[in-house]
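Alright, structures below, take your time with them.
Shared between the two complexes below is subunit A, which pairs with subunit B and subunit C, respectively.
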Partner chain A sequence: MIVNWPQVLFNSVVTGSLYLIGAVGLTLTYGLSNFPNFAHAEFITLGAFISYGVAHQLELSLLPALIITFLITGAIGFLCYRGIFQPLARGGANMIHLMVASIALGFILRYSIGAAWSWKPLYFSNVWPLSSLWSHHDIGLLSITNLWLWLIFAAVALSVIMHLILVKTKIGKAIRATSSNPELALASGININRVIWLTWFIGAGLAAIAGIFRGADTQIWPMTGWDIILPVFAVAILGGIGNYYGSIAAAYIIGLAENIGVIALLAVGLSTEYRVGIAFLILIVTLIAKPQGLAMLFRKA
Partner chain B sequence: MGAIFAAEKIAAGYGDVVIVHDISINADEGEIVAIVGPNGSGKSTLLKSILGFARLFGGRIIYQGKDITGITPDRAVSLGIGYVPQINNVFPNLTISENLDMGAYQIKGKASIKAGMTEIYVMFPELGTRKNALAGNLSGGERQMLAIARAMIAQPKVLLLDEPLASLSPKPANAILSKMQKIKEAGTAIIIVEQNVKKALSISNRGYVLVNGTCAMEGEAASLFAEDFSKERFLGLEARGIDKGLPCVHN
Partner chain C sequence: MVKKLLFTLAILCLLIPAVACGPAAPPEIKIGCVLSTTGLLGPMGQDMMDAARLAVKEINAAGGVLGKPVKLVEEDDATEAAKCLERVKKMVEIDGIKVLVGGMTSGAAMASGPYVAGKKVVMVSPSATSPAISEQEWKKWVCRTTPDDAFQGKVLAEVVLEGKFTKLATMVQDNPYGVGLEGALVDALKAKGWTGKHVVSIHYDPAKKDYRTELGQIRDQAPDVVLAVTYAEDGIIVFKQALEMGLDKIAWLGCDGNYGPGMFAEPKCAEFMEKAIVAGTRAAGSSGATYDKFAAAYKAEFKKDSSVYCDTVYDAIKLIAQAIEKAGKYDGEAIEKALLGLGKNYDGASGTITFDDKGDRVSGTFEVWKVSKVDGTYKNVQVKIISV
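Let's turn to the complex of A and B:
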């Protein structure tokens, strides 16, 4: 079997970029609210559907659709926290209760999306029939699409912007402070509710952007988020919960592992459907060997 | 007498468990007041209940003549009450200057924050030389300095310190004590909880002795100092069976 390694590396960057955008919100809300929000998958799905809807109705191109979807899904994420998880946590719900509630919310959202829109896959190529997003260019050994370049660009932009927010702005430092010690944050005069609300807004908005790219690269259906939630969780856990810098490293490690894994699966004659198993393997090994993930390497987050 | 801060007949605890019973303490401007007592006597619980970190079952908190019972911690900070917890009192993943930024969270205006920052680095020069060091990498003494500095940058009128000397060797402990003297001289009232009774009373005006969640003794630091604080006596001190010390009074 001849392997086009440059293409494998490039695909790894594409995969890692998608997982990074999908995981940042999960790791930040997990770090602040202390429970894994399984409905994060549906924030991803909502992003795909909402962007499809606004692009279709308002005849928007990728960038404006992305911005509007970020804002709408961000608002939904905030409302989910404010309306469901915060009252539960106030009432004494522990991590397990909140996690189960998030699984339930995910189910409700997923099937509502299916009922309200459709279970039949939708394709962005229908709303943007003339778009060059999907046409392949050959550069040397690489075959790339504009969509993939946009995805990589979005991940790089996100990394830089989030970094600047977290280390340069007052609210960003407050997010890191609250994540590490909410009681001391309160005693410092930080209104930690506002910090948590903002983080849920940003987290859900970013999940939605991952949903747009996933939807544009494959298809849009009620399982769009669920299809990638496992590697997204693997990124959050390998990166260290709440650790933004760890999640950047973890996203590309998992992207690489998955794409090399696909080669390995092909080599032994197995279906590439097993590729999610690779993220699962990394997740399990991390939880057993180093539950704090890469966090020790990135103390600053 | 118009104490700047008074906690009256406090009953506090966690969940449904009452740990602290009927304790009254107060502090005047520019006064250091020590709260001492054995492990588990409820000292931290008393401080936490003032900020709302422990459950307040009864009693009132009066600050600058106003009843602020049941206030949220961020409101307390904005009114001028600073609090340094016993454990986890710095953000280890933030640098020294970022920790101070968090302490200055409610200060409005870049210029005032900068001025406050400069002032803090004058008061704590040892922090100024390592602004970009992660708090998690500091020594115990530096960490306590930073914890106090984080609270001080908000310019509190009352500073609540929970065991700032815990597990410090004599040199950094004395450095902390001299900072406290300076803070007091600048007019801030300090309420300090300490296990190190001698050191705490040595810089305090008055003190309270807590045993089993009640106030066993209170008085001038000098007179409490004269008490026999050997371990056996201290731990054996019964809430009401005291011969020498002054009984606790409620005002």
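Let's turn to the complex of A and C:
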């Protein structure tokens, strides 16, 4: 079978970039608050709907819509933590309670979104019909659209900005300190609450950006986030919970596994439905070998 | 003490409605109807549910069945096979349904078939087209007012032969519908002595929505024709990404699942369909007097045109009502027998319905369609009608 490997690798980068943007917020809030937030899927969905709404109402192009959505969804993420998870944690809820609460919150948000906006899918191409986002180029063996380039650019920009924040700024150091040892961080005068609030804000905001790209690439509907939450969780776990650098590596590994998985499955005559299965197989094997995930590789960072 | 008494009273009050409508004869004849009014097939299912409502309204206007009014028990399976079975169980066990329209997808019909057979409940599917269904041991309890995809496969094969295509690729949903229609086309081509090659067969997950690598594989095998068996919502994304991957230079074949105005909600998908789809097929598209009457009534009632499988739902409800009347009682076994008897040159909206001994139609009328842009809006246009 003939395989156009450059295209497969490029597709893997597109898939991986989306998962990276989706997973960074999840892994950071998981690391800081010590529970997996299943409502993260709904932050992704909210991002898609909010950006569609503002782009439609205010006739904004991609970049301003992205910024406004980041801020609004970030604020919603902060409110969810401040209003639901923090009081629960203070009342003595353990990880399981918080996790179940997040599943409940996810359900409430998902069906509220469905009730408010309907379950009929929406498409960004109706908001930006003439945008250059959709124009497609053939470069050598590659087929590329501007949207995919934007997605990759966003993932790279995010990686660099987050790296600078985490390493160079006070708040970044505070986030890392709180994540690795909350008591020590508290003792050295870090306002843990403020650090956690900010992380929830950034985490939900980034999820929203993943939602915009997923929505523009496919469709916007109340399950937009839920459709990709499994691979996003896989990235967070494979990368090592709370480990930002691990999740970068993990995102592209999962992206690659899914797309090469398609080729492998077709070669043996199986349905490409199992592509997610291949990604999870890698996850399981890695966790058996290295239970901390890829975080071990980034100890120094 | 008072509290306890009040509590007991409250429980008793809760029980009263249950007792009141317990074993007494139903004041109305119930016909169940489970379709996918949300999920991947949502747009199609809503139009079909309207057709069922129209049929019931007409039946009641003409005096109902066995002297009683007909009540349509509507359920939604959200385009999930497992949920269809759950809704069927609910209708049978809670509403006491003995006959229902449902199993909108082949997967849903396959999931519900064994259960309805066990309960001796009759199910009439308006749109489950997989050839695999007719081979099931529970088939007796599942009739179909839609022609089996073995027929649609023959029509698609004719299109392939007419176009003198020699390298076929298939991109189909990994479920009984997608795999069934793909198999029907390949079998029909073989039977007609086609000498071309089936270069790549892709069975995809309708919920994944990231098909770049699958489509890239199609492009790399350089076929001259591609069959896409999709539903509306996943089909939109397949076609949109196919345009982005530059696959609009190849000839594509559509089918009943990606027919209808729902596909044009996404402008890029519409653009691709207009450019690339050389032919699509769909059941019925009948042009008889019964169809015209149905289409006019549908348009008057709902202010929209009827779409694919609206006529088969309408026929299913009408046939069921007549079968209950003929059986003279609300009983699965009797209705099933009456239904098979009625299915002989029955003049339905979807053409003349004749059942074989398994309750499947012995022939099918299909429309070959294309997508055209007329005055700035995209439309499905009829190319021709083929009967097989």
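Methods note: the second predicted complex is superposed on the first by the 291 of 301 C-alpha atoms of A that agree within 3 Å, B and C clash if a C-alpha of one lies under 4 Å from a C-alpha of the other, contacts with A are read in each partner's own complex, and residues count from 1 in each chain.
Throughout what follows, contacts are C-beta pairs under 8 Å (C-beta built on N, C-alpha and C of every residue); 3 or more make two chains touch, one makes a residue touch a chain.
Source: prediction; values computed, not measured.
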With the two complexes superposed on chain A, say which partner A:Arg110 touches: subunit B (first), subunit C (second), both, or neither. neither
So, does A:His40 touch the first partner subunit B, the second partner subunit C, both, or neither? neither
Tell me the contact category for A:Gly189 with respect to subunit B and subunit C: first, second, both or neither. first
Could you look at A:Ser180 and tell me whether it touches subunit B, subunit C, both or neither (first, second, both, neither)? first
So in the superposed three-chain picture, is A:Gln7 touching just subunit B, just subunit C, both, or none of them (first/second/both/neither)? second
Between subunit B and subunit C, point out the one touching more subunit A residues. C
Considering only the contact definition stated at the top, list the common interface residues of subunit A for subunit B and subunit C. none
Per the contact definition, I'd like the list of subunit A residues that touch subunit B in the complex. 170, 173-174, 176-177, 180-181, 183-192, 299-301
Seen from subunit A, its contact residues with subunit C in the complex are 1-4, 7-8, 11, 14-15, 119-121, 123, 125-126, 129, 134, 136, 138, 143, 145, 217-219, 227, 258-259, 262-263, 266, 269-273, 275-276
Please name which positions on subunit B make contact with subunit A in the complex. 51, 53, 72-74, 77-78, 83-85, 88-94, 98, 101-103, 105-106, 134, 136, 150-151, 154
Residue set of subunit C touching subunit A in the complex reads 38-39, 42-43, 174, 200-205, 207-210, 212-214, 216-217, 219-221, 233, 236-237, 240, 243-246, 265-268
